[in-house]
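Both of the next two complexes hold chain A, though its partner changes from chain B to chain C.
On to the complex of A and B.
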C-alpha cells in the first residue's frame, strides 16, 4: 500500500528573511502589504458598510474599544509577563476623569479625552505600583480587585454622582468623527505596539517576561521598566474609557464592569496570545457574536462558553498564529 | 595583577531559618586577578555570590567595591558600577534570538554611557555591537547560531551567552558561577582562552567551580568553603594540601 504523509514547506519568497528583499519585486511587496492592507481597509470601510444597519455602527465602536483593551492586555501579559486584569480599572478611571473634566471643568471633548487619558494613566500606574513585585496569578487577583474597590468607594462616599453616575457629558459632534476616531486610534495603537515590542526598549520588556533576575543582573531597574509598561497599557485603557463616556454621554459604575477585564482575555485566547493582531481579531469575532446572541437571553453565556472551550481545546494557539503559519507555509501530501 | 583591592568582603553571615549558610566569611580580591572559590555541594558558594551581587541581603557583614560600600544596594545598581555575575542555571531570554539577548544589557544605563551608538529597530546599531560581542565570545558570525532562539542553543553556547551578557556591560568584576559545569572537555578547552583573554583585558574574575583541574589552570588564588565557613585561602597547591580541605572533600579519617 502506498503511504503518504503531510509535508509542510516554506513559501519560496525572499521576503521571509526580513531584509532589503521586501522591495525587490511587486510580488514580495504584495506578500508583505496584503494582509496589513486587508485589515486596515476592512476596518476603515466598516462604518460605510453599516450605513444600511445603523444599530451595528455602535457595535463597531465597541469592537474597537474592546480591541484596544485586548491589545493592552496582550502587551502586558505576553510581552511583559504581567497578567493584568485591570481593564475595568483603566476604563473606569479614564471614563470618570473625562466626565469630571467635561462637566465640572467644562472642557471640550478634544481636550478632556487627552487629559483624562494621560492623568488617568498616571493614576492607574501609581495605584498598581505597589503590587508590581507580585507575579502571575497574584498580580492578576490584585488588579482584578481594584475596579471593585473603586466602585465601592464611589458608592459608599456618594461622590461623582454616586450610584446615579455623571450624566450630561458632551457627545461627539458627528457620527463619522465618533467612529473614525476610535478606528484610527485602534489602528495606530495596533501598529505602534507591534513596532514598539521589537524596538530595543520592547526587547528589554520581553526580557523581563522571560526572566527578570537576568534583567536586574544586567543593570536595569526592573520596577522602572514595569512601571513604564503599565503606563503604556493604561494609556490605551484610559483612552478607551474616556471614549466610552463621551459615546454614552454618561459615566457611571457600569464603567467598572468586569466585562472590560474579561472579554479582552477571551479575545486574546481566541485570537492567539503574543501576536497583538490576534487580540484585535478575537474582539472582532467575540463582540459581534455576543451581540447576535443577545436574543437568546441568558442562554447566550452557554454558547459563549462552548465557543471559548472549543477554541482552547482544538486551537489553543489561537486564530492568528494558525493563520500566520498557513500564510508563510503550505502543506502537501508526499509519498514516503 | 596589582595590589589594589577591588572587592573586599568583611564578615558576611547569612542564615536561612536554622541553616547557617555563611558564617563570618571575609576575603579580598585584587584588581586583575582570577580568584577561585571551591567547596563541596551546599557549602555556600552561590549564596556568597548572591550576597555580594545583591540578590540576597546578608544578615551581617560588609562588601566594598573599590571605596564604595555596596552591601545594601539593589541588584541593578551593583551591576551598574561594574560588578556583574553569571547564573549557575543559565538564564537566557528563551524567546529572543541569541544576539537579541545582548540588546538588554546593551540598553542598560552603564552600557549606554560607554557606547556612542544609536539604538532601535530591526537593524539598529546595537545589533552590530551585539554580534561583535558574540563573535568575540565564540559564536561564528557567518553561521546561523547567533540568530537562533536562545532557548534552542546547546548548553555550551548558553554558558557563553551568560558570559557575553556580562561582557556587554563592560564590567570591572565578573562573578562566574560554575561556567564550566555541564560542559564537555572540548567545550571547556574552548572556554579557557576566553577567561584568559578577559583577564588580559584587565577584568577581575571570581570563579566558583567544581571542575578543580581546569580552575587551577587559570586561577591565581583559591579560597575553600565548607558549611559556610572559609577553611583555606592561597595558592592552589597549598589549598589542596590543607588538612581541612582534604577532610571536606574526602571525609575525615577519624571515626
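On to the complex of A and C.
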C-alpha cells in the first residue's frame, strides 16, 4: 500500500510578507493587516451593534475586562513562566483601592482609576515579590491562596466595610465613555504587549522562563526582571479591578471571587497560550457563553471547567494557534 | 486540658483531610487539586446510598469509598495520564475537574443544611473534665489506625513497596518492572479512598456543604506545603502544628481567624523554607 503523510507548507504570500515585499502590493498589505484590522474594527463596532440590545452592551464591558486579565495571565504564564492562579488578587486590590480613593478621598474617577492602577500594581508587586524565587506548583499555590487570604482578612478584621463592601462609588458620566474606555485600553494592552514581548526585554523574559540560570549567568538580575513582569501584569489586573468597581459602583469581597481567576485561565487555554490574541478570543467566546448560561447558576462554572479540561487534554494548542496555522500554511498529502 | 484534647482532635482531622493529597503527590507527583471535590462527592454518594437507596450504614460507607477510589482511578486513566509531567497542565486540569465536581453538586441541589451524615456512634463522654463526643474519639482512633496501616502497607506489601519504589526513583523502579502508570492509578485510587474515608468520618460533625470542598483543599494544601510536599512524616507534624495553632487562635483571638492562620502558614512557609519542614527538594529521599 502506498503510504502518505500530511505535510504543511507556508503559503507564498506569508513568505513574501516576511520581508520588504510586504509593501509590494495591496494583497500583501491586506494579508498582513487584515486580521488585525478585523479585530480592532470588530471590537470598536461592538457597542454600536449592541445599540439594539442594551443588556449585551454590559457584556461587552465584561468581555474586555476579562480579556485584559487573560492577557496578563498569558503574559505571566507563557512569557515569564510564572503561573499566577490568583488573578483575583489584582482585581481585588485595584477595585478596593479605587473605592477608597473615590469614596474616602472623593477623587473623581479619572484620577482614582489611574491612581488605583499604579498604587495597586505596586502593592501587588510587593506582595508577590517574596514568592518570586518559587517555581511551578509552589508559585501557583501561593498565588491561588492570596485572594482567599485577602478576602478572609477583610472579613475577619471587618475593614473596608467588611462583608458589606464599599458602595456609593461614582459611575462613569456616560455610557460611551464607559465602553470605549475599556475597549481602547484592552486594544492598547493587547498590541502593546505583543510589541513588548518581541522587544529585547521580552527575549530576556522568555529566557527566564526556559532557563533562569543561564540568564543569571549573563549578568542579568532575574528577580528584577520578574518583578518588572509582575508589575506590568498587575497594572493590567488592577486597572481591570478599578474599572469593575466603577462599573458596579461597588467594591466588595466579590472582587476576590474565583471568577476573576478561573475565566481568564480558561480563556487562555482555550484561545491558545502564548499568543496573547488567543486570550482575547477565548474571552470573547467564554464570557458571552456564560451570559447565555446565567440562568443555570453555578452550572456555568461546570461548563467552564469541563471545556478547560477538554482543551487541556485534547487540544492543548488552542484556537488561535490552530487558526494561525490555517492562515499561514496549507496542507497536502505527500508520498513517503 | 481543653486545648490539648481539642488540639489533638483538630490535628487528626487535618491530617485525615490531607493524607490523601500527600499520598498522591508523594507517589505520582500529581498535585491532585480535585481532592476537596472528591471529599465532598464521596460524602454525597454515601448520603445518597443511605437516604435514597435505603442501604444500612456500613455497606453504604464501603460502597461510597469504593466509588471514590473508582472516580480517582478513572480520573487518572482518562484525564491526568494524558497531561502527566506537564506541571501547569496538571494543576489547571485537576483544579478544573474539582471545580466541575463541586459546582456540579451545587447546581444539582446540594445546598443548605438538609444533608447530614449520621454519626458512627452518637453520644458523648468526658475526658478530664472536657466533654467530647464519641465521633471525635472514633476519628482519633481511626486516624491513628490509618497511619499504622499505611505504614505497614508501604513496608510489608508488594504493591506498597512498588509505590515506594516509584516515589523514590521512577526510572529505576520502571527498570525493575514496576508500571509507573499502574502505580499512579493505584495511588490516586488510594488517595481518593482516603478522601472518602475522611469525608465519612468528618462530615457527621457538620453538614454536607459544597464550601467544605474548597476548605478541605485549602487545609490539605496548607498541611502538605508546611510539612514539605511529598513528605509523609512532615504531613503529620504539620497537621499537629496547624491544628494546635488553630485551636489557640480560636480560643484566644477569634474564630474568624482560623482560616487566616492556615493561609498565612502556607505563605510564610513558602517564603521562608519553600521545601517545607521535612521536604528536601531535588534530593533523593524517601517520600512515602
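Just so it is clear, the second predicted complex is superposed on the first by the 302 of 336 C-alpha atoms of A that agree within 3 Å, B and C clash if a C-alpha of one lies under 4 Å from a C-alpha of the other, contacts with A are read in each partner's own complex, and residues count from 1 in each chain.
The rule we apply is simple: a contact is a pair of C-beta atoms (placed from the backbone, for glycine too) under 8 Å apart; a residue touches a chain by one contact, two chains touch by 3 or more.
These numbers were taken from a predicted model, which means no experiment stands behind them.
Engineer: Answer with first, second, both or neither: which of chain B and chain C does A:25 touch in the superposed model?
Structural biologist: A:25 sits against neither chain B nor chain C.
Engineer: In the three-chain superposition, say which chain, chain B or chain C, touches more residues of chain A.
Structural biologist: Ranking chain B and chain C by residues of chain A touched puts C first.
Engineer: A:83 contacts which: chain B (first), chain C (second), both, neither?
Structural biologist: After superposition on chain A, A:83 lies in contact with chain C alone.
Engineer: Who does A:171 touch here: chain B (first), chain C (second), both, or neither?
Structural biologist: Neither chain B nor chain C is touched by A:171.
Engineer: Who does A:222 touch here: chain B (first), chain C (second), both, or neither?
Structural biologist: first
Engineer: Just to be sure I read the superposition right, which of the two partners does A:142 touch: chain B = first, chain C = second, or both, or neither?
Structural biologist: second
Engineer: Touching A:298, do we find chain B (first), chain C (second), both, or neither?
Structural biologist: After superposing on A, A:298 lies in contact with chain C but is clear of chain B.
Engineer: Per the definitions at the top, what is the overlap between the chain A residues touching chain B and those touching chain C?
Structural biologist: None.
Engineer: How about chain A: which of its residues touch chain C in the complex?
Structural biologist: By the definition above, chain A touches chain C via 77, 83, 85, 130-131, 133-134, 136-138, 140-142, 145-146, 148-149, 152-153, 155-156, 258, 262, 265-266, 269, 296-299, 301-302, 304-306, 308-309, 312-314, 316.
Engineer: If we count contacts the way the header does, which residues on chain C are in touch with chain A in the complex?
Structural biologist: 31, 79, 82-83, 87-89, 91-93, 95-97, 99-100, 103-104, 106-107, 218, 221, 225, 229, 254, 256-257, 259-260, 263-264, 266-267, 270-271, 274
Engineer: In their shared complex, at which residues does chain B touch chain A?
Structural biologist: 53, 55, 74-77, 79-80, 84-85, 87, 91-96, 100-101, 103-111, 119-122, 124, 126, 165, 168-169
Engineer: What does chain A use to touch chain B in their complex?
Structural biologist: 18, 198-201, 203-204, 206-207, 209-211, 213-222
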